[in-house]
Amino acid sequence: MIYSDKVKFILNQYENTNAGIKANLGRILMSGKLSGTGKLVILPVDQGHEHGPDKSFMVNPEAYDPTYHYELAIEAGLSAYAAPLGFLEAGAETYAGQIPTILKINSSNSLSSIKNQSKNGTVKEALRLGCAAVGFTIYPGSDYQYDMIEEFKEISFEASEAGLPSVLWSYPRGPNIDKESETSIDTIAYATHIAALLGAHIIKVKPPSSSVTNNDLKKQYSKFLSNIESLSDRIKHIKKSAFNSKKLVVFSGGNAKGTQEMLEEIEQIKDGGGNGSIIGRNTFQRPRAEALQLLQSVINIYKK
Amino acid sequence: MIYSDKVKFILNQYENTNAGIKANLGRILMSGKLSGTGKLVILPVDQGHEHGPDKSFMVNPEAYDPTYHYELAIEAGLSAYAAPLGFLEAGAETYAGQIPTILKINSSNSLSSIKNQSKNGTVKEALRLGCAAVGFTIYPGSDYQYDMIEEFKEISFEASEAGLPSVLWSYPRGPNIDKESETSIDTIAYATHIAALLGAHIIKVKPPSSSVTNNDLKKQYSKFLSNIESLSDRIKHIKKSAFNSKKLVVFSGGNAKGTQEMLEEIEQIKDGGGNGSIIGRNTFQRPRAEALQLLQSVINIYKK
Amino acid sequence: MIYSDKVKFILNQYENTNAGIKANLGRILMSGKLSGTGKLVILPVDQGHEHGPDKSFMVNPEAYDPTYHYELAIEAGLSAYAAPLGFLEAGAETYAGQIPTILKINSSNSLSSIKNQSKNGTVKEALRLGCAAVGFTIYPGSDYQYDMIEEFKEISFEASEAGLPSVLWSYPRGPNIDKESETSIDTIAYATHIAALLGAHIIKVKPPSSSVTNNDLKKQYSKFLSNIESLSDRIKHIKKSAFNSKKLVVFSGGNAKGTQEMLEEIEQIKDGGGNGSIIGRNTFQRPRAEALQLLQSVINIYKK
Amino acid sequence: MIYSDKVKFILNQYENTNAGIKANLGRILMSGKLSGTGKLVILPVDQGHEHGPDKSFMVNPEAYDPTYHYELAIEAGLSAYAAPLGFLEAGAETYAGQIPTILKINSSNSLSSIKNQSKNGTVKEALRLGCAAVGFTIYPGSDYQYDMIEEFKEISFEASEAGLPSVLWSYPRGPNIDKESETSIDTIAYATHIAALLGAHIIKVKPPSSSVTNNDLKKQYSKFLSNIESLSDRIKHIKKSAFNSKKLVVFSGGNAKGTQEMLEEIEQIKDGGGNGSIIGRNTFQRPRAEALQLLQSVINIYKK
Amino acid sequence: MIYSDKVKFILNQYENTNAGIKANLGRILMSGKLSGTGKLVILPVDQGHEHGPDKSFMVNPEAYDPTYHYELAIEAGLSAYAAPLGFLEAGAETYAGQIPTILKINSSNSLSSIKNQSKNGTVKEALRLGCAAVGFTIYPGSDYQYDMIEEFKEISFEASEAGLPSVLWSYPRGPNIDKESETSIDTIAYATHIAALLGAHIIKVKPPSSSVTNNDLKKQYSKFLSNIESLSDRIKHIKKSAFNSKKLVVFSGGNAKGTQEMLEEIEQIKDGGGNGSIIGRNTFQRPRAEALQLLQSVINIYKK
């Protein structure tokens, strides 16, 4: 596998990172149809744990089967497939080596109102399953955030020693963060920066809105960052918060409703320098053929 | 021991599972009168811990004696016998090798109103007692759920390394889950799916009612899953939630009152593709002869 | 030391129990004046920790001295002496080998209103002191019960591996358990059964009253267990809850006021099949000669 | 070093205690001007942590310097010097071997109202600093008491294995203990007895007042212990609570205001059989010469 | 590297400290333009974690890039550069050996109102990054203080064993400490003394105001310490609280607004015997050239 210049450049920015981690980051960056572009499209399927199987899969019942997602991700030529232990385990032999996998270590569920997560997997299991990375979620601002952060640090430290990079879902929420703030540009910038400081290798955040919700920052933004009306400008700012673009940042599907709107959003993520998309619901909740077509469109955008 | 095709098929679905776990799952699937059918009838006796000895055994006082349950399960030709440490220990030598046993690791008791459980046994003790699996209970939705899940993961990880499969009792309860929701089809599907994602090898849930209690799902169900009026259709849906039937799911006795009603329920569990029944109270609270006759009827249904 | 048939019979019921534990149970059962009878009289002196030295010893000031209790227990020919670390340590050399000792691992104190205990000793210290068993208290029903139970399990697991049996004080208390319930026959049966399920080798409970305090059980008791008016019948029921008498159960002094009343109670414990008495306050709060005479009377009853 | 008969007698009472602990207790008992008398005068300087440097040292500013206290204790010929990590470390080389030191492991601070302490040192650090013992504080009756006791037990267990004795500050406080109760004779007796049961080798309590604050004990005291009006009689009772005088008990300065009053109090501690004094504020808050003179007077009393 | 007499004198005061710690303290004291003077100017950049990237870097957007801070600190000739894991990692290879680095282990974030911090790094990572020290923050007086102190002790113990000194940010806050008290001279003296007792090698506090907020101390101060009107006298007192100047104490930028005011403050810190400044916001929030000029002025003051 010969790295493209883009991939070399990206990996060089992860300095003081061990060879195992670089090899696994390289594995993800060189997989699928976006191989070598420095862009990523990842399929995450933790929806069944977070919201239940019926809310996730009823509209497209083939998706109850864990092999469906492996095959969808492989056929679509994605960069990686991320899921909790059970889902990965159910295809880890059959699909071994066909797509890099990411073990999503912790998960919440919507049966309870406590905004916390439990660790449902271990680094040892990620290694046994041949994963290329571990995934973890933190809620900056939550009452449980300090524990969640320390749990992430333990997992990512152990993963690092085993040569596994960590992908961090950084989702602000908590008593001081209202609905609007959860996706305001200043909050998303903060969540991104914390993830980078914690040593995450790939950062996942939601696409930022044009709101600035921290009162002290409203003046600052209007003075120093006049261009945040377009999503691409906001993505650029988020990348800036990720160590001046030194870290890979990928974005979830956001609030986009129709396919067209979603693809336009992805155009802007691309224009702003975002490293790609993590798209779950928007793929496995469509019929397979439609999902494959959508993913091809997404890939086409990132390939441009 | 030559595996039947049914058992081979089931075990093949547990891919990326080590040989020890497969051997013990095979041991359970090849034991008793249902040997080789892919169906299971398990006797669980943690009732004494959960509700006290008098509520459990007074109507049939022979059942105060732990050897009673070993003998009942063996004579009835069941697939396995599950109980807490003390009960298993009291017959582990006498009945060694006569029936697979499952150490029920955690238990609650009804003296307190806190909806939690304590770990009353260890994987090392399960090994010492020659068990074929460990059993654990989680309460998805409870305020203690995240701790319970992490405790299960620690136990099941250690058990897996020792080649012991895990049986997970997944019983939704908690502040957001009213009585009706505890057995509504959408909640049971959720509880089943979580258990599967956590890597449990055998999942125990209650038979689902025809209620759909999550408001967002009411429309979904009426649109996509019109046939949930019969229990067999509901069981089919629960199995679908268990990785499209890839995981073994067994059902507790449910609310059935009379013997006839209970057997009819089991007919439907069978028809829906359920892998069997865990029947406690309904057996050891009857006179021995009557219990044996009932269990034979249950086995006959699953054998059909 | 040649075991009597009684002792052999009792030890045989502890099946799947390692040789070290059996040897230490045998040591206790073959010590003192009740050697070989299968009956036990144990002196417990944790009263100083639980209620303070003055409430415990002021009426009989010799008892402030830890050597007093060793000598009382030895001279009375008791089966064992149980106390916290400091008290045992103060005579462990002088009286080595003269009476089996039980290290009481956890204790409460009455200065605080929190119904919990702290672990004040370890299995390693029990071994260093040459003890024949470890003792522990749980409060089934308390808000701390799940932690206490898990602590007991850790201690008893470690003790078992070192060949030390565990003696479990099982004292129901907590928000759902009023004063009457603490000693009602159904609650004591429950506390006994939990202790047995947890794997305790000797169970200590209070003598049960004739109250039935769980509403669901009132009908059950009047239907199935008409004879609970005499203490001996109640003791029989408690022994039944201890795995149909397979586990040793000893009883504390209870509410008995006068000596005569106490001895009558012990007659009934004996008649009901109880394995003996743990008598603290009723001995060390009398002048030494009087205490020795009382203990002789107790022993005489159990010897009959 | 040849032990005096007094010291031999004291050490013999610590039976079942390992040679390292005895050697270190001997080291303290044979140091300074009270060498061999079985009496101890110890300088404790944790005041800076507990109340801040200004409240502690401003009246005598030389005392801000940690070397001041080493020199004071050495020149005064005291038995030992006790302080937190930083203070000991600052002179551990310069004054090595000139006086036994006690590492005070835990400390509170008065900036917060939570009645807890943090562990600020370890047994390993005590060993590295060449200490002769470790010191610890518990608050019997506090909401944190069970944790504090378990922390003490962990520290003292580890210290014991390394041959280090433990000195336990046993200070009753908490929601059920009002100001008067903190030093009432019955509470101090209880605190002393708990410390002894926990296995502490040297017990530090406050001098008891003549109040009896536990209602049940008021009658008891007037019946059995008529002589508690003089401090020396009360000290005798406290020593009785320490295993009938088998454990070393030292007393803090108490409420004494003037020098004369303080010396009279110490006379009574001595007459009652107390093993000595721990005097902090009353020494380092005076000019050095005055402090040395006072300590000489104290030593003279204990030498008589 | 030949130590200056100043540095030798300082290191000699850290007695009973291992060679590795002394070597690393020496490394910091001999680095940059203040090499050998016994004075330190340190650049700390944990602002991005504590207050977010936008509040920290928007006014000077080059500062979003972690290499900016390395280069600023190196070019300015500072003594050390302190930052969280991600920031250090991003330049640890490129700038290896060019400036001593301090891994800031724990951090808070302003998204939540809970006054706690999470550990975001480990001693092992500090070693991997080639750091010269670890940094930690405690909040004396906070409800979390006892946990924070114990966490610091664990980190600093492990760091010490690896030869890494610890830098302790000691920032009083909590329910009993109002805004004025957070920087009052008596509170700062207390915070400094606690840090010293905990064994920190370099102590960071805020410059003290002339308020005395503890009521008991108001009289004391007016009696014993009449000269606290000038900052240099207050700094002298803080140094006195640091074991009579035996420990290195550095000060943050304080409330100074303009450059002139800030430099005057630093003059007084120097005059009072303070060991230097930790200046973050006041440098990286200015244009680079201006920041370099300011730092040169600060260094000039300390060099005088």
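Observations
Chains here go by letter, A, B, C, D and E, matching the order in which they are written, and residues are numbered from 1 within each.
The definition used in the following text is that contacts are C-beta pairs under 8 Å (C-beta built on N, C-alpha and C of every residue); 3 or more make two chains touch, one makes a residue touch a chain.
Every value quoted in this text rests on a predicted model; they were computed, and no experiment measured them.
Common neighbours of subunit A and subunit E, by the contact definition above: there are none. When the CA atoms of subunit C are superposed on subunit E, the rotation angle comes to 145 degrees (nearest 5).
Centre-to-centre spacing of subunit A and subunit B amounts to 36 Å, using the average Cα coordinate of each chain. One finds 59 Å separating the Cα centroids of subunit A and subunit C.
Listed for subunit A are no residues, as none touches two or more other chains.
If each chain is drawn as a node and touching chains are joined, the picture is one closed loop, every chain linked to exactly two others. With subunit A taken as the origin and subunit B fixing the direction of travel, the chains line up round the ring as A, B, C, D, E.
The part of subunit D that touches subunit C in the complex is made up of residues 13, 15-17, 140-143, 145-147, 149-150, 153, 157, 172, 174-177, 186-187, 189-190, 192-194, 196-200, 214, 216-217, 220-221, 224-225, 240-241, 243-244, 246. Residues of subunit E touching subunit A in their complex: 48-49, 52-55, 58-59, 61, 64-66, 84-87, 89-94, 107, 109, 111-114, 116-122, 124-125, 128-129.
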